[in-house]
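Once you scroll down, you'll see the structures, which are given as structure tokens.
Next, two complexes with chain A in common: one pairs it with chain B, the other with chain C.
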Partner chain A sequence: MSALLQQAFRTAASELGMASAAWLFVREAAAVNGDDGVTALRDDMGRLWPVLDAVGAAWLSGARMPLAQADDVLPALAGVSRLVVIGMESLWLDALLAALPAATPVGLVQHGDPMTHWTRVADNYHGRMTLLQLADFQTWAGPRSVLMTFVYGQSHQQVYVLPSWLRVCGPDVRLQFRALLGWRILDVPLDIYPRWLVAAQADTLTDVRPAPC
Partner chain B sequence: MLTPQWLFASLLVLALVLQALLPGYRLMIVMAGAALACAGAATLGIASVSAVFAGVPWNVLLILVALGLFTHRLAATQIFGLASVGLVRLARAQPVALLVLSAIGTYLVSSVVNNLTALMVLLPVLLTVFALSGVSQRYAAWTLGVLLVACNLGGAATPIGDFPAVLLLGRGTLSFDRYLADAMPVTLLCMALLLLIVVLAVRPARDVPVSVLGKRLTLVTLAQLYRGVRLDWGLLAPCLAALLGMVIGWLVLPAGWGVSPEMVAWFGAGLALLAKPREGEAVLKQAVDVESALFLLALFLMVAVVRETGFFASVAHRLVAAPLAYEGQVVIFLIAAAVLTGLFSAGPSMAALLEVADVLAVNREAAPVYIGLALAVCAGSSLFLTAATAGPLMQTLVERAGLKDLNGTRLGFGFREFVPVGLLGFTLILSLAIARTLWVIR
Partner chain C sequence: MHPKPFHHGHQHKPPHAPFSASNVLNFVDESRLDILLAPLVPDAADRAFVLRCVVGEGPLHHRGANYILLTLLAQAAAPGRSAPARPPTAGVAVPMRLPPYLTESVDEGTYPLLLPTGALLDLAGGDQNRLAAMIDCLTDGPSQHALANVIMVALIERLLPSTQP
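For the complex of A and B:
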């Protein structure tokens, strides 16, 4: 079953995001087999999917919901004219788009798992989300544009982010956007090697919300 | 020395073989073949280029383009994606139920839209379910294979389902209601028998691992993947009205009024495009299936030249002159049609063999011969993965999905994997086509 579960999780993560898929899988495992099911899921897949491992650990510590509150980042997005998102996390993006003014354009850069069905991802937002490419996302730059990504953990002066972030966060990009915003979505430090993520310098982001404790 | 008959027939066969062997150059090959055929016919005094062009069923091309545009608008309403998700929920991710309901859904969709679109809208959902729930190679091959056969059957069930039927409608060979009344029951019977044999005898789901957690994850994840997708009622309502209008038009409008089937299709597509004018204009500029239209145009031109040489009439007369009862001649014709379709695909086979069917049907009740031909072509389309355009597309989509089985081995759906399904579908459909035709002409 392990190989099939790995494939299922990868499919879910490619379009929902690793953390969103992790919460879904952990909830279902708990619904079927309780905390033992979550522990088994961590044992089976935690090494390959550290985000799933972290979410499972959070569940076993008593957390039952992700920190998907748009209020965490809305202050940093006040007055934004365009928002460009690097990476996909459906739980967080759904909450954010529901809170943002409907007139604020939101672009999602198509980069990540080659198996992602990007049309289906965009269809969930019925016209609210524009799909962008790595080659042209900078056309959305401007003095009131914000570039945002998801932060999966912090350690010393580093943040754990998606590899796509390293493709876009150069010094030239920094000057083109009002802010390079990190939305911290996991509140449990990653205990094992952050596979599928990269460790970037914290100063590639101008702001991380919510701020670490 | 080659006679003109064999020269241009050989050119047609050569073009078809080359385009099958070199699919990356198929358009250039058939267009070159058509150009050579037209030039050769004019040079050898067989027929002028204008006469050859006059023999092209332009109305059929118009119907195909119009229905293609209509299908594009209908797909944009999200109805097919949401229906597919609903289908998976109805099956509760159970492998057998999923196979049966997917096949029935494919049959119904492909009876209205072209086969490629039917698969393009259903496969992403099905392949996602395969990825989420985990399947065996055997189950994947049989399910996908049955879907391909169901697609062909649905396409043969109605006069607008696929090219061979559209050709009959466009030529005025059969009326809309006559074709529907004659073809649909047979295709339904084929579908039912195919599913019975696969579910009860082949049993491809027996080695698919099923767990409570697996089923829950499949259903919940699929719901999340489509969490925000909504039906576009503003587009769907006009599309459904257009479809209803087209069906009524094909069924009811008297031929004497001069509103031919292609005009009905044109107006129906126009209504669907006008529902959202800006999008409709963009669709007209970007979504016309130029590749299919050019391929069929080239095909029609080569077939027209071969017809002008008298080749088809010669073949037909030899068949009619054979020392066989009429029923035997028809059986040979249907078997040959099915085998040729398996080798050369439905478009070329139907276009060429209709010429032979015309002779076979002289002084006889014509409808059984034409329906038999449409069903035989359907059988041939189901024989090999390469016999229908949808087959290689399905193979490509499965490869891109990168699915793996329980042991981590990559799942494949190629020529070899399709063979058992294809042989079953071919045998079943052709047998019923022959039985039905003999029953009617007896």
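For the complex of A and C:
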């Protein structure tokens, strides 16, 4: 059972994003067995999936909704002519795309878990999202272009982000985009070693929204 | 080998020890430079981007030098001391250093600041080829250098007497 569940979670995480898939699984576990179900889910899968563990911890602390408010980042995207997203988190992107002006192009860099079926991911957005490659995402560079990624945790001078972020935030790219925006999507500490994520210097981002508490 | 003679009035000091990385940029006040550059780059978000390029990122000594030179020049060219403050309305675009294989595919690959060419054309004696070579020199290389060059030329233009009748 556990292996099947692990496989199912990885599949979901590869296309929805780890935090988005985590909320899905935690809600289902709670619907079936309440807090005991969430506790068992954390115990069974938490060490392998620290984001799932953190979302489970948030649930057990009383949280019932993810922090997925486009208003958190919309002010930082005012006047932007292009948005390039690094990493996939469907709950957050759904909210953002619903609020972002329809004329603002949004690109998603295809880099991450090799399991990800990028075409299927993009199809969910009905043409609203353009798939980009590591080799060509800089065609979207410009003084009104923004690079954005998801921040899963922050401590001191470090942020926990997807490894893809380190592939794109080099010193050449940094000065080709107006801002490098981090969208902080978890507000509980990652208690488990954050495998699947990397600790990057916080100053690889020029802005983090919402600001850490 | 004879020891060097001691000269009165000369202190033979050990080589200068560099400041620590955490202290060497203590004098940089981005908000001050931001105010001084506002006439040149009116849009606040554009200006924040340009400031990040010239004093926010890159080698420490270049960031410090850029801050000093740009601040002093901006002070010298501040409104009331020369021509009215306004952003250059004519000039050439400053390209981002994108991978060469992408340059033809990029729609907005320039910085939000123009390199004014009036003073440069005078310096070139009206020769367009020389002007083009000057533009090449000023805008080539890392954006930290190129943008600082462009801002300096824009500020220096304000300090020069107008050649317009």
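Just so it is clear, the second predicted complex is superposed on the first by the 213 of 213 C-alpha atoms of A that agree within 3 Å, B and C clash if a C-alpha of one lies under 4 Å from a C-alpha of the other, contacts with A are read in each partner's own complex, and residues count from 1 in each chain.
In the analysis below, a residue touches a chain if its C-beta (ideal position, glycine included) is under 8 Å from a C-beta of that chain, and two chains touch if they have at least 3 such contacts.
This is a predicted model, so every value here is computed, not measured.
Colleague: So in the superposed three-chain picture, is A:Ala8 touching just chain B, just chain C, both, or none of them (first/second/both/neither)?
Modeller: Once the two structures are laid over each other on A, A:Ala8 reaches chain B alone.
Colleague: With the two structures laid over each other on chain A, which partner does A:Asp136 touch: chain B (first), chain C (second), both, or neither?
Modeller: A:Asp136 sits against chain C, while chain B stays out of touch.
Colleague: If we overlay the two complexes on their shared chain A, which of chain B and chain C does A:Asn33 touch? Say first, second, both or neither.
Modeller: First partner only.
Colleague: State whether chain B or chain C is in contact with more residues of chain A in the superposed arrangement.
Modeller: B
Colleague: When the two structures are overlaid on chain A, which partner does A:Gly127 contact: first (chain B), second (chain C), both, or neither?
Modeller: A:Gly127 sits against neither chain B nor chain C.
Colleague: If you stack the two complexes on chain A, which partner ends up touching A:Met115: first (chain B), second (chain C), both, or neither?
Modeller: The answer is first: A:Met115 touches chain B but not chain C.
Colleague: After the superposition on A, what does A:Pro75 contact: first (chain B), second (chain C), both or neither?
Modeller: The answer is neither, since A:Pro75 touches no partner chain.
Colleague: State the interface residues of chain A toward chain C in the complex, per the touch definition above.
Modeller: The contact residues of chain A facing chain C are 78-79, 81-82, 136, 138-145, 171-172, 174-176, 178-179, 206.
Colleague: For a test of understanding, state which residues of chain C touch chain A in their complex under the given definition.
Modeller: 45-46, 48-49, 52-53, 57-58, 96-99, 102, 105-112, 142-144
Colleague: What residues on chain A touch chain B, complex-wise?
Modeller: Per the stated touch rule, the residues are 1, 3-5, 7-8, 10-12, 15-16, 20-21, 24-25, 28-29, 31-33, 37, 90, 94, 115, 117, 120, 123-126.
Colleague: Which chain B residues qualify as touching chain A in the complex?
Modeller: Of all residues in chain B, those touching chain A are 78, 81, 124, 128, 131-134, 209, 211-214, 216-218, 220-221, 224-230, 400-408.
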